[in-house]
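Read through the structures below before going on.
In the two complexes below, chain A is the common chain; its partner is chain B in one and chain C in the other.
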Partner chain A sequence: MIVALLAAGCEGGQPLYEAGLKDEAFGKFAGRASASDEAARPALSAEEVDRFIRLENIRPEERPPIESDEAGVWLIADRAEASVRREADRIRDAELNSYVHGNVCKLAGAYCSSVRSYVVRVPTFNASMSPNGMMMVHTGLLLRAGNEAEMNAVLGHEIGHFLRRHSVQRQRMIAQTKSTLAWLSFAVALVGGSLNLMDLSSTIGIANVMAYERDHEREADGYGLRMLFDQGYDPRAASQIWSRLIREKEKAGEQRRFNPMLATHPAPQERMAVLGEIGNALAPRMSAMELGRRKHLSMILPRRHMWIEDEIRLNDLKHADALLDVLIEDGVNLGELYYYKGEAYRKQGSKEKLEKALEFYDQAIGRNGTPDRLHKAKGLVLARLERNAEAIEALEKYLALVPEDPDAALLRSQIESIRKKVGNS
Partner chain B sequence: MSGGWKAGLSAAVLLVFLAGCTRYQLAEPRLYNFENHYLFKTRTAWNTTSEYRAVMWTKSGEILDALYFFEPTPNGQSPFAPESQEKFPPFRTNMTVLDLRDFLTTSLSNIKALDIEYQSAKPIKLGQTDAHRFDFTYRRKSRLEMRGIALLAIHDHHLYFVLFMAESSHYYGALIGEVEEILASLRVPAKAKS
Partner chain C sequence: MVTKDGQSARREAGRQWRDADTQSGDRGPNGCGVAIFFVRCLTGSATAAILSKQGGRGILQTMPCPRMSRFVLAMLGCILLAACETQHFLADPNLDLSRTNPAILVFPIDATLAELTAGGSLEINALWTQQAEGFADEALRKHLLGLGGKFVEIKSAHFDEASLAKVSHLVLMHSTVSAAISRHKYEWSEALPTHEGRFDWWLGQSGQAIIERTGARYGLFISVRDSYAGPGRVMLIVSASLLLGVYVPGGRQEGQASLVDLSDGRVVWFNRLSREAGDLRTSAGAEETVKTLLTGFPARKP
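Let's look at the complex of A and B:
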């Protein structure tokens, strides 16, 4: 176990985050930097870069030769991509796809035609990259990114995985580890070693592969940071998206469960700290930088309600509450956000939660972005709490605001049944 | 130990294992009474099996068509999963018809139904019991288009819930006549068990 922990501990750390910044194969490290920017480059020697850049970058529009192990990995990814294209949760909103892919192209530069992005309606903070250039972007990421720079830090990270060919590196590492373990087990058996010793060697092998994967994540983070810098985005955004996610997890009461042996990614705290440190060093050297907040919000806000509803449908109140609190800190369209806090509580249905829902509906009223359907939800909650006169008032208010609602007939019958109940009591 | 005895034992063991593979049973056409929760009749045979809190009937396999009769669900629980699976919303006895529809939407979303749309919602009677009927469509992740009918009634502080879902281009149309007959015959007995 101790040996395994040591193996897991043999990880790259900060230099790996900086490898992308020094990768001349991706192009000159540009940025909108001042003439004296040379000093801003992280001090990483050529030898150190070589140590981390173990494979040559994939070239733009390159496809691996069919006889290679890499081609096999690509073929599997091609099949997965054909299925992703057909799936119902792929978002077919042309404007949104064009926005996301436009950013991917801007970041990827010469690799633009090699990367295809798909926005998928999945309520989790994530994006992924397949070895063949298929990038999946979850709506949960778009919802949480406060601006274009934060979103692009993640998109750039994914492009980093692609151009550094991390999938095939990982596959080769696993094959090599399995082969080493097989020989080790054989040697242990020959000298009459115990099964426990073999188990230990397997554990070391797994820890080693996971440590290798975490190094890939660090390296990809560095590429994300570098692409922000090259395109004139505030490089501190790479750290800020992690800070946002950490706040959300803390508010949800999620324990820090980082397993130093088996985690596939570095701890969010590490990513926030290291990216913040490098971002802070780079930012003063940029003559101009942007966050791209206005453009980002113009794309996200009209669609945000659907993605929040998806999060609420996960039926995890702590999670929804924490997410909405972090979005509220951001301060945009608070009426909509307080309405959805009410909705998250309404779905739970207990008396205590219904009363809490009413508090949030009341906080929403009069703020920006409050939807008319708040009055419908409020009326239904009041009806369940048997506050009948107020329920009728809220439902009638809603019907006056939205007389053509498809549920209008149901709401009128609801009002009638409340009236009957009041009359009978 | 004689050879015949061994062969007999092996056959018995094999039968026990094979019995474990027999998931479906035949439901003959007749009048059914599910533990005095639901009374209904069918004029053709179906395949049937039990799943968590429901009895499921199907003609062509549950991916293509399925008719579920859920056990009455008490306040604070979900008909779809135990409390430990928090992703399913709890049923509450004070739910309005629109709350019931929200409850249905959230529950279906958590069994990977996408783009759920309601075509109609209307009050019905299951015998003497007031109930609501929702007709809806949705898509599976594979983009298979599905259609469904949900009947929900709050009775004796429990949720009575019958759900029919089938692939829309062929299986729904092929079965809807018979399913409507079953639903029309459906009764929730006045003195239901709790």
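Let's look at the complex of A and C:
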């Protein structure tokens, strides 16, 4: 039985990325045009994809029968959704919600009425899908996606989780694994075996479950690609968003090593490479490919200052710096981005960090999107560094630009006290 | 605006509550805690005996257990555990609702029923859950009527957007506070030192909106998490017990019930149920569970 567990612990691996591309149940894959079509070559059969549990896709508008275990999973998800609807950090901005939901609906096709999306104000690159069709999209994702296609790669991935019923598959798989281990431990105890064997078995069990979860992620990635292809988006965007994320992690100096036994997702490098390969194979077959950059920027740019502030508020300079560097490489509204780099350094408070902040403020001036409050921040930093004449100049410039600032009286009294200090010295 | 007189009146009332609590006898060891202590001693000494064969000792040897035979420990543990299904607290032991007979707002019972698999996973069963909520609501209605109580059921028609938000707030506050009560009043090691043994928990003022809209003075919250051993688990329990002499636990019923005075948000009664018995899947079982959950409810039968 241990050998069986070991064998089953082998992951489906890379062929699973293509499962979504072959899924006729989701709709006719436009790629199956000719017999010589690369993607038409079957890499994995349906049975191999569901190693333990054979599950068909959920059907559009289907609700599981109430006596099934799936209905139990939906019950919990429905209750969680009721509280997400009331949640404080749910964004109720109608325009943004309609942008995100419009895309979710388009990608989901026949499943549009089964899926609901909620945008939540959380500064991480993530989105999640509940088994009942509730999707949560974090603002950190909207901030980092460079265009509509990149965002849709992730939204499509989440829809893939829903239509392939991964939550129910996972629950059944965990229950089966734990039951096998329980009977195994009973058998071991019956023959008077040592306890060390049980540690090994449960470790194999956990590794097995994690491998299954990684395979689910690969399969969902494939569905994301499929939906990009079907809706005419550039399929290479799926790989590009991973490349952005990897660059951000490298700049932040994150040394997190991929744990092949316990990782819940495949390594970002694997996802970038495989999705890139498949994307490059699909791209030539498309007559027109949309990236949706202008549409995405029109939604994100007016709102991104709040989300960047959320990231800076995490108080991790390396992280904020890396994110802003990647956004600067993207090259839009650099004035705003350099201002926020300055803000991230200003928060740190030490002399070197304050001086670096000033450098960034100066880089921001004269570029697009520079906010007026830059002069206030600059003035406050200069005052901290006791460069009094420059501080007064910056603060007065700010007050001339934004006389209605609620802190105007406070700033004026600060200017006065700096003047007094200069007068006294 | 609280006047000086108002302040001293409130302080006096507060002192009365505190004195009442001292008399309530809710301080110090109670039946459930003592029973668990004896059972821990028994299992501790048994495990220590096994481990000492393999050379391990550890902290089990330092547990301050009475020197008695394991048999006596087991008997005492069993007797006390049998009485140990519920344990309740009252903010004021003299509270008797049957005297004033106020209206009680009954919140829908929050139940989750699951099947326990052989490996110990809980698989939630939506059909059982839906049926159990129906049985339990019905049983609760009958029980409260039997006590001569006036109750109001919560209907969305009572509330508009704004007051509905207040109701949600109260429900959320209640789930947080009841989790805190469960933790700090039912585990000796987690007792809050500043409470000094009192039962002193409040939900804040959101209940005012409910009083205005429904005329109810108190709110009754009940929640139950129940699990039942599935066929695989039953097989494992029986095999382990017969062939190995090892105890494998079956399903458990964990529930809590609380009565909140909506005028000031004070939790006036709280009961926790924890046992390996009880079946919410039948209407008779639901009646028994509700009756057990309402142990110590501050109202006498007319």
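Throughout what follows, the second predicted complex is superposed on the first by the 391 of 425 C-alpha atoms of A that agree within 3 Å, B and C clash if a C-alpha of one lies under 4 Å from a C-alpha of the other, contacts with A are read in each partner's own complex, and residues count from 1 in each chain.
Going forward, a residue touches a chain if its C-beta (ideal position, glycine included) is under 8 Å from a C-beta of that chain, and two chains touch if they have at least 3 such contacts.
This one's a predicted model, so the numbers in the text were calculated from it and none came from an experiment.
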Exercise. After lining up the shared chain so the two structures overlap, which partner does A:R313 touch, if you call chain B first and chain C second: first, second, both or neither?
Worked result: first
Exercise. Once the shared chain is lined up, is A:R247 touching chain B (first), chain C (second), both, or neither of them?
Worked result: neither
Exercise. So, does A:R86 touch the first partner chain B, the second partner chain C, both, or neither?
Worked result: both
For this session: Once the structures are superposed on A, label A:A175 by its partner contacts, choosing first (chain B), second (chain C), both or neither.
Result: second
Exercise. Between chain B (first) and chain C (second), which does A:I76 come into contact with in this model arrangement: first, second, both, or neither?
Worked result: second
For this session: Report for A:W183: first if it touches chain B alone, second if chain C alone, otherwise both or neither.
Result: second
For this session: Identify the partner contact of A:R367: answer first if only chain B is touched, second if only chain C is, both if each is, neither if none is.
Result: neither
Exercise. With the two structures laid over each other on chain A, which partner does A:I66 touch: chain B (first), chain C (second), both, or neither?
Worked result: second
Seminar exercise, completed: Dual-contact residues of chain A (chain B, chain C) 86
Problem set entry | Of chain A, residues touching chain B in the complex | 86-89, 121, 310, 313-316, 347-350, 376, 380, 383-384, 406-407, 410-411, 413-414
Exercise. Hey, which residues of chain B end up touching chain A in the complex?
Worked result: 76, 86-90, 92, 94-99, 102, 105-106, 109-110, 114-115, 118, 121, 123, 139-143
Exercise. In the complex formed with chain C, which residues of chain A make contact?
Worked result: 66-69, 71-76, 86, 171, 174-183, 186, 189-190
Exercise. What residues on chain C touch chain A, complex-wise?
Worked result: 112, 114, 117-121, 123-127, 129-130, 165, 168, 232, 236, 239-240, 243-244, 246
